[in-house]
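So that you can tell them apart, the chains are marked A, B, C and D in the order they are listed, and the count of residues begins at 1 in each.
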Amino acid sequence: MANLAVNVAGVSFKNPIIPASGVFGYGREYEKLFPLSELGGIATKGTTGQPRPGNPAPRIAETPSGMLNSVGLQNPGIDAFLERELPNLLTKDTVILANIAGSTVEECVSIAEKLDETDVHMIELNISCPNVKKGGAAFGVHCESAEMITAAVRKATKKPLIVKLSPNVTSITDIAKAVESAGADSVSLINTLLGMRINIENRRPILRNNVGGMSGPAVFPIAVRMVWQVAQAVSIPVIGMGGVSSGTDAIEMMMAGASAVQIGAAIFTDPYAPVRIISEMNDWLDAHHIASVQEIIGTVQPW
Amino acid sequence: MANLAVNVAGVSFKNPIIPASGVFGYGREYEKLFPLSELGGIATKGTTGQPRPGNPAPRIAETPSGMLNSVGLQNPGIDAFLERELPNLLTKDTVILANIAGSTVEECVSIAEKLDETDVHMIELNISCPNVKKGGAAFGVHCESAEMITAAVRKATKKPLIVKLSPNVTSITDIAKAVESAGADSVSLINTLLGMRINIENRRPILRNNVGGMSGPAVFPIAVRMVWQVAQAVSIPVIGMGGVSSGTDAIEMMMAGASAVQIGAAIFTDPYAPVRIISEMNDWLDAHHIASVQEIIGTVQPW
Amino acid sequence: MADGEISRPPFLLLKGEIVMAYEQMLVPVLEKQALAKNIYRMVLQCRSIAQQAACGQFVHLLPVGCTLRRPISICEINKAAGTLTIVFEVKGTGTDALANVRAGENVDILGPLGHGFTILPEAKHVVVVGGGIGNPPMLSLAQVYGERATAICGFRSANIVTLQDEFHASGAETILCTDDGTAGRQDLVTEPLKEQLAKGDVDMVYACGPRPMLKFVAAAAKEYGVRCEVSMEERMGCGIGACLVCACQLEREGKSVMGHVCKDGPVFPAEEVVW
Amino acid sequence: MADGEISRPPFLLLKGEIVMAYEQMLVPVLEKQALAKNIYRMVLQCRSIAQQAACGQFVHLLPVGCTLRRPISICEINKAAGTLTIVFEVKGTGTDALANVRAGENVDILGPLGHGFTILPEAKHVVVVGGGIGNPPMLSLAQVYGERATAICGFRSANIVTLQDEFHASGAETILCTDDGTAGRQDLVTEPLKEQLAKGDVDMVYACGPRPMLKFVAAAAKEYGVRCEVSMEERMGCGIGACLVCACQLEREGKSVMGHVCKDGPVFPAEEVVW
């Protein structure tokens, strides 16, 4: 048994594996398959100030080794989250990352203030959802707006603050540096890549929202590259995600520089993916006589 | 038999299918499998001013439903291309797109001037190779540099000028509009997405160049989305590529707005991919009683 | 766990007891047949899933090579044998891959999932209406109600008529309709449905099929003031209610709510559906 | 085209004659055996490819589910039977998928490819040196030269020793070495090689195996002034010389040139290789 514990921004995780925001709800459905206490942490579905119905269906399309989604932040709103979901989650003996997805600075700040008064362990500020627009572009695609919103939320909470970055940018390292300078304690990446599929029989986009976010194994090489670049560019810890579907994928992501790893689409293929991946990581470490998973973080040697 | 002919920037193609730059060399090897005259056109390997040896090997890695390459523009240089390859290509009864990959404006201009004196049909200016750097970033990732280099090459040649765009940007429509305003007759997209894979056993990137360009079916949804966005943003014709591996993929790309379609990685899986795709497109059009492939261009109806 | 079924490996770290409402496992295909062109019937050995399964629920199958699972309704439940029967039509890559699984090979199943049909133990007469590939889930209802059920099976044409022997064997009065009259009555399913409803003794109408058909069935039931449940489709991710992918607009107590086909459905009271 | 081989469909638009140097087709696996743990031998029926194949060339196989083909050297060429034999080790996903193909099923092949070994019809004595999974391509050379060849087969350990019967049957003097002495001599292949070279009658040394071994073999041949050819590996895309993916640094006439393993190789004169 290797030691799987990691530490991100001062928070201890029993292992590095965290179901990603949006695929795991608030854990209730997966708890019927495995105990949530097995997980390093749980990133909750993106929360907005008010309840949101999300986009019309269809909201999902399969793509080669991947998928598109356009759920569009359907959620019951921060108050219902605090009342109905968070207390239950906090009893589960795992780190809870509350994901914020406001569409204005004020909305994000107000949600952060409310979370600051709870026992939630970390806040993950999503500035990268392709559907959250401010003046035509998401906060996360420009350094100025990324920095501004991070600084505002930073002031609103003492909780460890993770900022979740978009891959749909020219330079993800510039954005990462901007949010670091604005006080983020960690960055998580990547959110989904904007994609589209068309039903050629009816000449309509498959997603009712026309475009959606691509994730799954297909995006893994892009995620590894971005995690590697960002880990070199900033000194705060990086949480890696994007296409991780096996223990060796998670090891690869950590060698690229991730201190912890989130699991998204893989859970649709295999509902046990997070616990399977934890188990596979352990097996790999044992087979390689590596005592602690922390030893591998950022150890890739570029040529 | 549907009519497969298309017209791009005044040039007639017998069908919309063009092997993409870099995967097809100058056609000599594939000519041993099928006559080059079957093809709509051929995009030649990127040409630089001087011969280039490219990057050290390994230069390729497989990824889920895709691949990474880091060939790095190995080519014999423009003079050898003009002397040894172009004359042969021009006898093949297919449209020749000479791909330019200079790393400075002067280099691109000088290559364009030399091509202008030949009978080559079109010039495809690659401003998007992740390996061609100018001051730390490729020309293709900023509007100003994209516009500047396009304008310079535009002045150097009367040939129909296609500018090939990078997907590694925040807004590909902004870049497309910039090169349109600088006089491009067409845009082609997408070039490869920057990615990375690590061999976790030796903790080294698989590619000797550390990072490489991702292509293949995995990127298809991203390519369709970008072609759709760009086709709406500009009024010059769009040549679509990225992950096309079947006749229905090509139809989907054209419905998204492409006037012609290039085929890259698919040819590694199936060396007959371009001719198979032409044949499959024809079958689909016949089955749907569509007389001419031109009727489907840009016909997707967004919700 | 029965012979041949492979439940999840006991993960190194997995401790503590879980009360499973659904399970994921690899289970053997006991039988596979083509019922018509592109329509296959499969019997899966999955004792614990069959034990818990109810009419109208579905299973979420992972075809080889796919990223996403495919939802398929349960057609027959045999709790004694520990088997489930499914019937599916090849529509795309996923169902094609499923159709290539041979008897004796395994499939990856997650189930039973969703909210099934409400069974009325006291009902005297129920009508089950299937359209096309919507017929299979109606069979399990016919088997529950037997002679108390009237099964109306609608198909486009004779060449895709399936499961008629099984419907007859269930004891249900079975009325076959085709759009083109090549088998049974040349009628839409709503005609025989109205005849049944006109009898005045129908306690419940159940339906599965294309959306326009469901809409007409729901309207007919409403006209006669008879309770009606319909099985809906939507593209899915998780299949268990976590990802919110399978949204469908519902109207509950006058309010518009966003429901989810995998958890709140696939069976909904017809009056909740926003057509 | 022989029975069972499926060459490319006659594309609607394909007209005109092509002289094929290589072909791509689906061909049946006639035999498949495990020779050792994770090492498989396959006999492929591919008449026209076998007709054109030469020692040291390779075939480019597409495993199911892969984007890229996998290069595998030709181990035996039977022009009369129209078959090729290959031997491969399972290393990753692609070779694993190949290992799961059963006799009777088809594989997608592109070949014969590359530049093979130079056969010296007049040679009196040649030495073929294989290391590990580099042994199979040496067999076809042993079969060409028969008693005029000495085959030196090096392996890590007895459990992966393969093809020894076939080497003996070729008529070649066969010397088996293992690193750990569990079979044959406990020696690196370079020891018996030097013994052979010391005889003074060797016309050519051929080698395939791990790069460090090739380097020592090349050095030994050079020391004795004997011509030497080595078979190199590099990751490939097209396999036919178009994509420039499989680059390897060469020295030709004092000049550094970028060669390509798939077209200029996989067999190179040892003195051209930049070690």
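The rule is short, and it goes like this: a residue touches a chain if its C-beta (ideal position, glycine included) is under 8 Å from a C-beta of that chain, and two chains touch if they have at least 3 such contacts.
Everything numeric here is computed off the predicted structure, so don't read it as measured data.
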item	value
Each chain counted as touching chain A and chain D at once	B
Chain whose mean Cα position lies farthest from chain B	C
Rounded Å distance between chain B and chain D, as computed from the means of their C-alpha atoms	35
Whole-Å gap separating chain A and chain B, where each centre is the average of the chain's CA atoms	33
Whole-Å gap between the CA centroids of chain B and chain C	47
Whole-Å separation of chain centres (CA-atom averages), chain C against chain D	55
For chain A, residues contacting two or more additional chains	61, 63, 65-66, 216-217
Multi-chain contact sites of chain C, meaning residues that touch two or more partners	none
Chain-level touch network, classified as line, ring, star, complete or other	line
Touch relationships between chains, expressed as pairs	A-B, A-C, B-D
Chain D partner contacts - residues on chain B that touch it in the complex	1, 15, 22-25, 28-35, 37-38, 45, 53-63, 65-67, 69, 71, 74, 216-217, 265, 267-272, 275-276, 278-279, 282-283
Parts of chain A lying in touch with chain B, wherever the complex brings them together	61, 63-66, 68, 137, 141-142, 168-171, 193-198, 200, 203-205, 208-211, 214, 216-222, 224-225, 228, 243, 248, 251-252, 255-256, 284, 299-303
Residue numbers on chain D that touch chain B, as the complex places them	8, 11-16, 18-24, 62, 66-69, 93-94, 110, 234-238, 240-249, 258, 263
